[in-house]
Every structure is written in C-alpha cells, then in structure tokens.
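Given below, in the form of structure tokens, are the structures.
Paired with chain B in one complex and with chain C in the other, chain A is shared by the two complexes that follow.
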Partner chain A sequence: MSTCLEVRVSGVGFWAPRLPDWQTACAVLAGRAEPEAVARSRPAPALLAPTERRRAPDTVSIALEAASRACEAAGVDPVSLPSVFACTHGDGAINDYLCGTLASNPLLCSPTRFHNSVHNAAAGYWTIGTGCVKPSTALTAGSETFAAGLLEAIVQALADETPVLYVAYDAAMPGPVGEVSPSAGMIASALVVEPLKGDGPGVRPAGVGRCLRARVAPGAQAMPEASVSPGSIPHAWFAALPANSMRQCLPLLAFLASDAEGRMQMQLNQGCVLEVDIEEVTTHG
Partner chain B sequence: MPAREGIYSMSQVQSVAEHEMAELIVTSLNLEGVDPASIEPEAPLFGTGLGLDSIDALELALEISKRYGVQLRSDDEDNRQIFASLRSLATYVHTHRPA
Partner chain C sequence: MKPLAVTAYTTTTAVGQGNAALIGALMAERSGLRPNDFTQHPLETFIGRVADVEAVRLPSHLAPWDCRNNRLALLGLESDGFIAAVEAARRRYGADRIALVIGTSTSSIGATEEAYARLTPEGHFPDDLCRPEVHTPHSLGVFLARALDLRGPCVTVSTACSSSAKVFAQAERLLRLGIADAAIVGGVDTLCGSVLFGFNSLELVSKEPCRPFDPTRNGISLGEAAGFALLEREGVADSDAWLIGHGESSDAHHMSSPHPEGLGAELALRDALARAQRAPAAVDYINLHGTGSQKNDEVEGALIARVFPVSPATSATTHAAPAHAAPAHPAPAHAAPALAASSTKGFTGHTLGAAGIVEAVICLLAMKHGFRPGTLNARSIDPDCGPHVRLHGEHAPVRVAVNESFGFGGNNCVLVFADRAAP
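Let's turn to the complex of A and B:
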C-alpha cells in the first residue's frame, strides 16, 4: 500500500483558443455557455518585459497565461512559489525549425529560437517575468506527462511544506516529427497545490478548495478520457479543445470544474498509475 | 513616409538604405508597435534607444548575413561602432556587400 499524498487545490488556470480562461471552461462544462465561436490567437504574456515578450514563443505565452491566472485564483504571489512545468513535446515549432536549418544551412541558425528551444524555456521566462528565485522543474514523460508533473508538484508541496505552482501545456507539432508524434492547437492548464491544512468547506470559486488524495498504484490501464469524468459532460467541452497532447489534463480538470467527487486514474509509467481521489476539503483535527 | 535622401546621409531623415535596414530590424526582432520610419538614424540601437541587447545583435547579424551576404562576426573589435546606430549599421553593411 503506497503512501497517500494529500493536497489542496487552491487555484486553477486554463487557456485554450476557444476556452480562454478557467471560468469559461467551467461554464461550458456545466452547459451554461458555449465555447467561443472564434479561436483566439495566443495570449500576450503581460508579466514579461517588452524584450522577453517579443521573443516568447507560443508555448511560453500559453504557459505563462495559465500560470498567472492560477496564482491569481489562489491569491498567492508568484514570487513565493516553487514551480513545476510539464510539456509533452517542448516547442515543436522551434525544434522543426532547428532541424530544418541544421540540415540545410547550419550557420544560419537563429540564436533567439535556439535559446527558446530548451525544455525549461517557459520556466525560465516565468522566473524572469515574476522575479521568482524559488526552485523550478521542467519535465516531460510522453503521454504520461501530465500525471508525472502532477505527482512531482504534489511531492514537492508535501516534502517542502509549501504551495507549488504546477503548469502543463503543449502546442502544435509541425513537420516530420509531428507526423509520428502529433499535437494540434494549444492547451495550457495550471494548478496551485498546497499541503492540506484545516480548511473547511464553504463558498468558493469552482475548482478551488478541492482536495486531491493521490497515490501511486500498480496498474497498467488508465481510464480513457471521456469515461473518467463525472456525470454528463457536454460534448461541446471536449469538442471545443484541439487534438493537443495536453488533453491529458482534461479528466482531472473536468472533476475540478464540475464540483463532483470521485476517483480517477492516470497512467504514470509502465505498470503504474497515479490514482487520485477528488474530494471536498474537510476540517482536520 | 519621410522624404528620402541618397544612399548615405548625415541628416535626421532615413536614407533608402537606412529605411530598408530599419524594416529588417523591426521584422527580424519582432519589435511590436515600432514603425521602422520612426527609428532615428543616429540614435543608439542598444541599451537606450530601441533597447536591444546582445541576443538581438546575434539575430540581426544572422538576418544581415542572409539578406546581404555580409558576415558580422561576434568577435569583431569594431562591433560597438558597427552596431551603434541605424546609420552606422546600414553604412557598414552597404560598404561591405559582396560585389
């Protein structure tokens, strides 16, 4: 029996082209609203200085947007938060450019794009933009990226007894790599998780103040996307989101948005799942 | 559009070559909201002025190499002078273009 890891979700952020914030996503999920008819272009990361803003690629823009909104919802200063950034592919557009340039004329490689190609680009822009000097982590785990990043954030929150910002995002994968490892459009989500304290249930914004009880369990099969979510999820919710690799985050977000309690599993790696109970926060002691 | 003078100029008006270089700077560095015609020919490009930095210098050198075939090396002792202003950069590029 593995240890049960308990955290409170104190803030949620979300961005996708037709669901450009968490409130809209919640409203669409509840059937109270339709997704925006016209897909938005990427958000402008307002926290960056002009020099960084004009260099920031799509991946960074969407990650910073979701991260900022999650911190606002949690009511915490980003400066105080360690962060975990999870992205399945890194920046596919830049990787495609770099590969093409290296193959055709390697001396004409853009230094800006090169320095944006690292997997921790979003974490770097975030810490520059916020002035945060807390630890940051950037990771990928293929199709299990969201679960691996969530586990990392929860473990850091409990081990260091601090709120942690968790950001998960992916953009499109163009070019030859995209043919074997596809991803379309953009999705970014962010959570602030913190060690469970004696908070009681009460009036709160959707998705905030929920408890996640997570454990690593043996198991080979995570539940498919549509079946893990509670109740009846409007088709519009999933349909409004692109065929993006970070759809991995949707089942958990559907739980958080719907106020439902329940259990879900996410594939963690071969032979293991991350099993998460989503519950209301109850007073301890 | 400002009145144009010859290829090289000492005035505060952009020459044709300077305007072309200004457009290259704005486009290649994604300078949102900057009108190429508004870049003063003798104002500093780096630090103050447009506020460009060393990564921008590398990016500009790359674009100039692609567009004009002029190699600007990162270890050139004259870089501070070459990149001092729109005017100095345009002048250097147009006097070093391959025949």
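Let's turn to the complex of A and C:
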C-alpha cells in the first residue's frame, strides 16, 4: 500500500440540469428539498466573451460553471490555482459533428469547432477566462476518469504544496457514436483541494473543509454507486441525475454533501483502487 | 527536483521503427515526409506516415481495441527491448506499483471517423465497429495497460500537442510521492481526418514539406508516432539518461495561437530549468516545438534568444563573423560548444500528442550519440528567430538537453534531460 495522501476540500461546485448548484444538491441529498422539476438548459459561463459563450461546447459551459462555484466556495482567486480537468469522452457533440462532416465534405470542417474539439478545451477556456497562467491538464481514464483526475489533483496539491482546482464533467454523446459509447445529459463537479496543514476557516458550509485521506491500493472492485452509504441517500438524489458518464463522481460527492464520514473505493485500473477516507478536519489552535 | 532515471526508451515515427532508424535519419538528414496518400478526399500536403501500421495484427485478447492508433502503439512497443524492460520492472516492483501515464490528442478517433463513413442505411455503426473500447479517448491507456499487464494507476493525458511531454511531469509527481515505484510514460497519435482537415481549416497546413524557422515557412506537416519511456527513481537504477526537470504553464491567451510574447512558454521553460537546478548556459541542445507555422516559430525563436545567452561560439558558428569582428574574449579551447537548437518536425512531421515523447527521445539520443540534429527542410534560418537555431546537425557532446512542447489551449510543457543526475 502506498503513501497516504491527505488534503482538505475547501470548495465544492456542482451543476446538473435538475441540481444546478451545490447547495441544491446538498439540500436534496439531506431530504430538505426536491430536485428542480424542470431540467435547466446549460449554464452560460460568465467568464467567456459573449460570442464565445454562445459557441462554447456544452462540456466547456458546465465545466466552467462548476469550477467558478468551487473557487467561490473556497474563497480563492482562480488565478492562483493549477487545474486538473477530467472528462470521460471529450465533447460528444463536437465529435459527432466532426465525424459527420468528415464523412460528407471534409473541407467544410469548422475551424472553431476543430480547436474546440481538443480534450483540454475547457482547461484552455478556463485559463483564458480567468487569466490563469498556472499549469493546467486534461485527462481521461474511461470509467475511472473521476478517480484518476482526483488522484492527480491531490498529487499536485501535495507535490507542489498548493491548492489545486479539480473539475470533472461529461456531456451527452449524441448521434451514432452515442449508441455505442453512451452518455446522457450533463454533470459537472469541481473541488478545490489543498494540502492538509495550517489553520482552516472556523465555520464552513456543508461539504467544505472536510478532509480526504487517499491511498492507492491493490484491489479488484470499485463499489457500485448505490452501495456507497454515507447514511441514507434519498432516491431522489440519484434519480435527479442523468445517465451520464460522470455519475462516477456521485459517491464521493454524496459523502461530501451528507457530512458523513466513511471510506470508499474507486477503481483506478484493473487490480488497483483509490481508497478514500472522508473525515472532518480537526484544526488545532 | 530529484532526478529520475530513464532506463528504457523507444520511438517509432515516419522515418522508421525504433531509435536506430530515428538517429540514422537525423544524422543522414533524411525526412520521413511524403505527399499525402492517407485521406480519401484529396488534400495537398505532406505527411509523416508510419509504414506498415495497417499490417499490424493485435493478439486475440486485445482484439476489441483494434484500430490504427492501438496498432501503432503495439508497433511502437516492439523495439529497443522496451517490452523486456517493462517485464523486468514488473518483476522488480510488482505490476500494481508501475504507473502508466500516456499522452494522445486524438487517440482512436480515426475508428469513429471510419464508422461514420460506413454507417448502415439506418444510420448506425457497422457491426465490426460497434466496439465502445475504441470510441473513447482512454482507449489508448486501457489498451496499453492490457498489452503490458500493468495494474497501477493508469491515465490518458490529452492536452493537445503537449500531451506526451506532460506525462513526464505527472509521472514524476507520482514517483516523488511514493504512489508508484516506476512509470511507463509516452504517447501515441495517428493520422486521421480530424487533424488533417481540422488543421487545414485553420489554414495551418503547408502544401509543401514543413520548413520550421525558414523565413518563408508556411505551415505544418502532420505526422504520426508512438514513443515510450520507463522512469525509475534515483538510487534504484543506474543510468546515463535522466529526467532532471519539468515545467508546465498556461498561456491564458487564445485557444489556437500562442501568446505573442511567449509568456506561458517562458514560465514553463524557467520553471523546468529551476527544477533542474541548471542555468540556461548549461544547456547544450534544445529540441524546439518548431512546428513551421509562422507564429509558433517567431514566438519560440524570440523566447530562446531572450532566455539563452549568446556565447562567442554561438555568434562565430552561426553568423560566420569576419575575422576582424572576432570576440574580444574568445572561448577557451576546453569550453563546451555553444548551445544548438533545432526543430526536428521536418523529419517526422508534427506528431501532435506524440510530439512530446518523440522529441524527448531525440534529446536522449542526442546525449547518447553526441549528435545535435539540424532543422531539416529549412533553406535558411529566419534571423528573427534568434541566433541559436541550427540548419544542420553536428557531432558535439550533449550533457543537458531541453525539449519544448506547446499545445492548443495555450498548454505548455518543457522537459530537461541530462546524462547524469548530479549538476
């Protein structure tokens, strides 16, 4: 078993069509509120110039929304944060468009959609929109994407002793490719993680200021999302979220939203898991 | 930072399979570029196409991952004793203690493109391409984990053209924190319609073989490649090839054009040198990003000119100064030769997400063979691109080499390699 990696979660952001912010998600999880009855259309990222806002892919819109809210919750200036962007598939709508155009008339390929097709499009727009020159990365690990991105964010925070922004998101996979490699709707989540040391703020909103103790361990199985039990999660919480590839993030977020402590495992590769203990931060002095 | 030993490395590009083909081409100034024979729809350009990728056959347990990119990945693994080195590392550390951090920009999108070109009359994928394994970008990471039977953390990094440079930084952090004892890094990118017609739509593709840093350069030539390296900790492995520094940054400027003053690139370069604990004057060779696009080369040339001092030897060799203008303090006879910088994209084409690993391997080969490659296809070097960029290769010792990779989204990564761990 490898090193224990300890970080504090100092901010959380979330966006899904019927749970359009972290407070709503927490309230629904606690049984204090119902999910919004009507699914919202994607958020318009205020960070982008108006023309870019309109043309931005769904993945970029939701990633920037969650990222902005997490930074606000953490009370940190985005300019100071290295960032890790994790997305299972990239932008399905752009890939559907590009592959369709290539099959019909490749010379009609749109230059804007092409440069928006890179997996690091959200990372690029985030750094441009915030003026952040810190390192930024974009990664995927299939059904292990959320865990792989979380590990990288925690590792960066500890290796370079800095708070790190972690954003995990997926949009829908439309068109023929979506029949083979499916994802529905949109989910974006974001965390600000920082090395667990120094004084924390005294009073924190739900899910903020909690500690993750993570380690990479041999292991065969991740727990299915429904078996994660930070207390009893209302069915409405899971049911309010689409069959999206980034449902991977839900078990950990359920822990953070519920204020529960406990242990969970997420698959990282065949025969290897990320084991995470979720605990309250105890601050001294 | 604490250096990491690069205990095995290999790359396969348009100039051939394995390191010997690459160093041979670099020394002979032989390009792997040829007129585009890849796209069905005609596109006038030159490409760095790897021969015989089509002929590669995957073993049956890897059949669900069959596509051009994963075939090239397998072809790339089968050189320079790389698989044997991985097997030895697996025995030494255990399969769950080896991280796999791999870069690609387009992964297996070529298979998705093919499926769209062959949709059934009802608009569905043809049966032979109804394989979710290839219609998602982590196809490459999973394929390699299965092919090499690795069970540690496995991730695919996709930051466009800096992807397989950033994998070195990510792996270094995993080893530094003790998450893994060794790491396989690298990258694979294959030619596909998306990149050929995509870069064409941005008017960045040259109709001729790319000629980086030439005053009349007019665009890039795309290529494909696979490359891998095995990283281990200092003290465990004895080596004459070390990763001694890395630096990453963002331009915060534009999705598809570099910051006009190279702001982000300079931050990455200076961070890499600081981690390496080397002054700019210690660097012997720089493998530039040097795509052959008007803007990249102008910004990058200016950056190199700004950061790296011009030594007397540089001005003598580059500008052939007349005798009466000889420097007042000529370099002593034992001084190391002046810094040389070059772009090798005229040999391989721009291999996008694989460019980082290909050019990292070129840095390692430059150290091993004492050879600093030139900038193929350029007829002269644009004086605006500074004094360090060299037209022709030369035999000279290389102790410290730098590799620069810059990607869309303003994503920058610089790596520093050395022939020994200690400064």
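A few comments on the model shown:
The rule we apply is simple: the second predicted complex is superposed on the first by the 276 of 285 C-alpha atoms of A that agree within 3 Å, B and C clash if a C-alpha of one lies under 4 Å from a C-alpha of the other, contacts with A are read in each partner's own complex, and residues count from 1 in each chain.
Rule of thumb we're sticking to: a residue touches a chain if its C-beta (ideal position, glycine included) is under 8 Å from a C-beta of that chain, and two chains touch if they have at least 3 such contacts.
The structure presented is a predicted model; accordingly, all values stated were derived computationally and were not measured.
In the overlay built on the shared chain, the residue A:41 is in contact with neither chain B nor chain C. Shared-chain residue A:145: touches chain C; no touch with chain B.
Between chain B and chain C, more residues of chain A are touched by C. When the two structures are aligned on the shared chain, A:110 is found in touch with chain B and with chain C. In the superposition on chain A, A:80 contacts neither chain B nor chain C. Using the contact criterion defined above for the overlaid structures, shared-chain residue A:123 touches chain C, although it does not reach chain B.
Legend: residue contacts after superposition of the two complexes on their common chain; A:54 is shown touching chain B, with no touch to chain C.
On chain A, the surface patch touched by chain B in one complex and by chain C in the other comprises residues 107, 109-111, 115.
Every residue of chain B that touches chain A in the complex is listed here, in rising order: 29-32, 51, 53, 55, 58-59, 62, 65-66.
Residue ranges on chain A touching chain C, taken from their complex, read 2-3, 5, 88-90, 95, 98-100, 102-103, 105-107, 109-111, 114-121, 123-125, 127-128, 130-142, 144-145, 148, 151-152, 155-156, 158-160, 176-177, 179-181, 216, 218, 268-272, 274. Residues 50-51, 53-55, 107-112, 115 of chain A touch chain B in their complex. Only residues 39, 41, 43, 95-97, 100, 105, 109, 112-113, 115-117, 119, 123-125, 129-132, 135-138, 141-142, 145-146, 150-160, 166, 169-170, 173-174, 176-180, 193-194, 196-203, 248-256, 263-264, 267, 407-411 of chain C touch chain A when the two sit together in their complex.
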